[in-house]
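Look for subunit A in each of the two complexes below; its partner is subunit B in the first and subunit C in the second.
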Partner chain A sequence: MSFSVSERQRWMAVLARASLDELRTCLDAASPLPPHRRLRGPETGLIMLRGQAAAVGDRFNLAEITVTRCAVSLEGGTVGHAYLSGRDAARAELAAILDALLQDDATKPAWMAAVIEPLAAIQAENEARQRRKAAATKVQFMTMATTR
Partner chain B sequence: MAYVAVKGGEAAIANAHGWMAERRRGDPEVPALSTRQVEEQLGLAVDRVMAEGACHDRGLAALAIKQAQGDLIEAAFLLRAYRTTLPRFGHAAPLDTGAMRVQRRISAVFKDLPGGQLLGPTLDYTHRLLDFALAAEKEAPPEPAAEIPGDAAGRLPRVADFLVREGLMRREADSGQEPPDLTRDPPDFPASRAARLQNLARGDEGFLLSLGYSTQRGYGNNHPFVGEIRQGKVAVRFTPPELGFEIEIGAITVTECEMVNQFQGSKSEPAQFTSGYGLVLGRGERKAMSMALVDRALKAGELGEDRTAPAQDEEFVLMHSDNIEATGFVEHLKLPHYVDFQSELEVIRRMRSTAGTSATGSEA
Partner chain C sequence: MMRPGFHDPVPEAQGCFRAMLDAMSRPGRVHTLDVALDAPPPLAPATAAVLLTLADAETSLHLMPDGAAAGDWVRFHCGSAPASLPEASFVLSLGIHPPLSALRQGSEEAPEQGATLICQVRSLTEGEGWRLAGPGIRDFHHLRVEGLAADFLQQWAAQRPAFPRGVDIILCAGRQLAALPRTVTIEEG
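Now for the complex of A and B:
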């Protein structure tokens, strides 16, 4: 297995941001998923969100968020994990299976190409569109002194 | 609770609930509202319920709004009750609002803000006129929002940083202390800033709005300016113990407000600005602003200001901000208090009889 923690963090983040529909669209076009065994969950619970006073000071508890987690193992013994905001059990299970497949050198390239890169591209485009919409509302305020 | 349980009435109660369900559905000829419609088209109501229910889950908040017939306090109550059925997996890293993917970011104090002023989706600068087109049977879809090439995403500097750098405002620092959690421990007085901020973040918007407004009208005035409001998506990061490294579990929309307030200075400190902070789930901008005003007012004690106004009274604010506790205590008055009241009746009758008949005679 050759992957860095930051690589794994990236694919887990991409999976966390993807909707079930987007995931299924990628998976429908890919080869079938191998059999897996559930080690835990999928189960829904809460994580406490935190903020910081004035964004940089003391931490405070803001509110909770629903989270669904799942752990699975593949036939070779690789264990995959997922923690996703929301209550979608199917999504968490698919993300855990993909996390396991992406840790295996033999299966990683195919799943990166079939799932992670297309999802990352969708997410990048969504963010870019939000940024373009925000840019269209950029405003230049002028005080009377400068307009005189 | 100051009332004694009563027996009976089961059939009447079941029928009353049945009637309420019929009311909730309304005219069956009108199509039923889906929770997806609530989620998508009543988004600010969803945001408010999540903030006051202190639980981020858009689908659950939408369901609660539908079930509560649009009574947002009841909806927040339903969400709070539901969260008690779930286990807690842990706590997230503090939201990094510096890395927010901003949709809106404005300042009322610096017009040439590095990174620019982005109005985002806002009602500011519009006339509040009813739009009858929305009432038409076939509503035309709005024009897609305009797009122009935007700057690459990056960290946006904070207005507060400029003032801090000039020495005109105190630098906030993370003491690294574990914050108290109001969902597990009752409030303790004097409260820490962390406890206050948690309380305000889930407090009733109307209550905080009124308190904030009262400070502007002179009850603990501290002359506020909106230093900065930013609204957008932030990543939620969590370290699962079984992994041992931080992962992103999703992204949520939040609104942050930093107020800049005047401070006269004291014997030990030169004149400087102070600040109040608001952070809420969703697009609750009015709530974030109100929270920042009240947060600043509650700093009166530590800034050596006289605590004369309600908004500066920590115990008053924190003990009355929660609309779920408030509604529980106010509305419980409707439930049977027969035994309680019977004893009051007896006491009053006894007092009157021992006071003699003259008192009775003088009554008109």
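Now for the complex of A and C:
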């Protein structure tokens, strides 16, 4: 197994943001998923989100969020985890299986190409569109001052 | 290789909790758990079920070294904070248990903080061996336990004067469990 923490954080984040439809579309085009065993869940619960004003202040409890988590193991013994916001059990289970597959050097390149990269591209595109829409409504309060 | 916990956590944990409650209210009565649990060796199914039911992120658990082989499973499924022997609220022992006086005893004001020893033994049978008496038992109850420390009865009697402080014990063997709350008195016979 060769992957860095930040690498795993990236694919787990991509899986956590993907919708069930997007995941299924990618998986339909890929090779079938190997058999797995559920270790825990999928189960839904609440976790406390903590905030920090301007990333420097004291931490405070912002709100509770619904989270679904799942842990699975593959035949080789690799354990995959997923924590997703919302209560979609099927999505959490798929994300956990993919997390396990991505930790294994033998299966990682194929699944990165088949699932993570396409999903990351969709998410980058969505974010860029959102940014463009937001940018179009930006108000320049200092316009008078700076253009004078 | 990591094994799963309860297949259906809510009803199975509730069923196991009910069995433990009955066991605690009727000391020495042997209950058989009806759980399909693939327990990791060296844990017996009853021991694993008791841990899954009682231990969670809000309790502290001390694993004796004889349970180290199942340590990963216990940490993954229970998520309990590890604690030293004198501080843990639950202590898991699979072989010869630690001296009862080494466990947390609670205080006069909060005797409920005394530790619970989850002890896996070789066998539990209702019959000649020990004669139990105390709340929850009409007259006497007989229980035979194999696999406890040789001086267990002395240790048990020694915690009696400190009542209500003390340690409660859940005995597990295979799919069976029985409880020894600190109120019970034990004699040979």
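Quick notes
Keep in mind that, in the parts below, the second predicted complex is superposed on the first by the 137 of 148 C-alpha atoms of A that agree within 3 Å, B and C clash if a C-alpha of one lies under 4 Å from a C-alpha of the other, contacts with A are read in each partner's own complex, and residues count from 1 in each chain.
Note that contacts are C-beta pairs under 8 Å (C-beta built on N, C-alpha and C of every residue); 3 or more make two chains touch, one makes a residue touch a chain.
Keep in mind the model is a prediction, meaning the values are calculated, not measured.
Of the two partner chains placed by superposition, only subunit B is touched by A:F60; subunit C is not. Once the two complexes are laid over each other on the shared chain, residue contacts for A:V5 go to subunit B alone; subunit C is not touched.
By the document's definition of touching, of the two partners only subunit C reaches A:G77; subunit B does not.
Once chain A of one complex is fitted onto chain A of the other, the partner contacts of A:A13 are limited to subunit B, with no touch recorded for subunit C. Residue by residue along subunit A, subunit B and subunit C are tallied for touches, and B comes out ahead. In the overlay built on the shared chain, the residue A:R69 is in contact with subunit B alone; subunit C does not reach it.
Of the two partner chains placed around the shared chain by superposition, subunit B is the only one that A:M48 touches, whereas subunit C remains out of contact. Of the two partner chains placed by the overlay, neither subunit B nor subunit C lies in contact with A:E125.
Touching of subunit A by both subunit B and subunit C, each in its own complex, is seen for residues 43, 71. Contact residues on subunit B toward subunit A in their complex (touch as defined above): 50-51, 54-57, 59-60, 83, 86-95, 97-98, 101-104, 111, 116-122, 145-151, 153, 158, 160, 172-175, 177-183, 192-195, 197-198, 201-202, 232-233, 235-236, 238, 240, 242-243, 245-252, 256, 258, 275, 277, 279, 281. Taken together, the subunit C residues at the contact with subunit A in this complex read 1-5, 9, 76-77.
Residue ranges on subunit A touching subunit B, taken from their complex, read 5, 8-9, 12-13, 16-17, 43-67, 69, 71, 81, 83-87, 127-143.
Interface residues of subunit A facing subunit C in the complex, by the touch rule stated above, are 37-40, 43, 71, 73, 77, 79.
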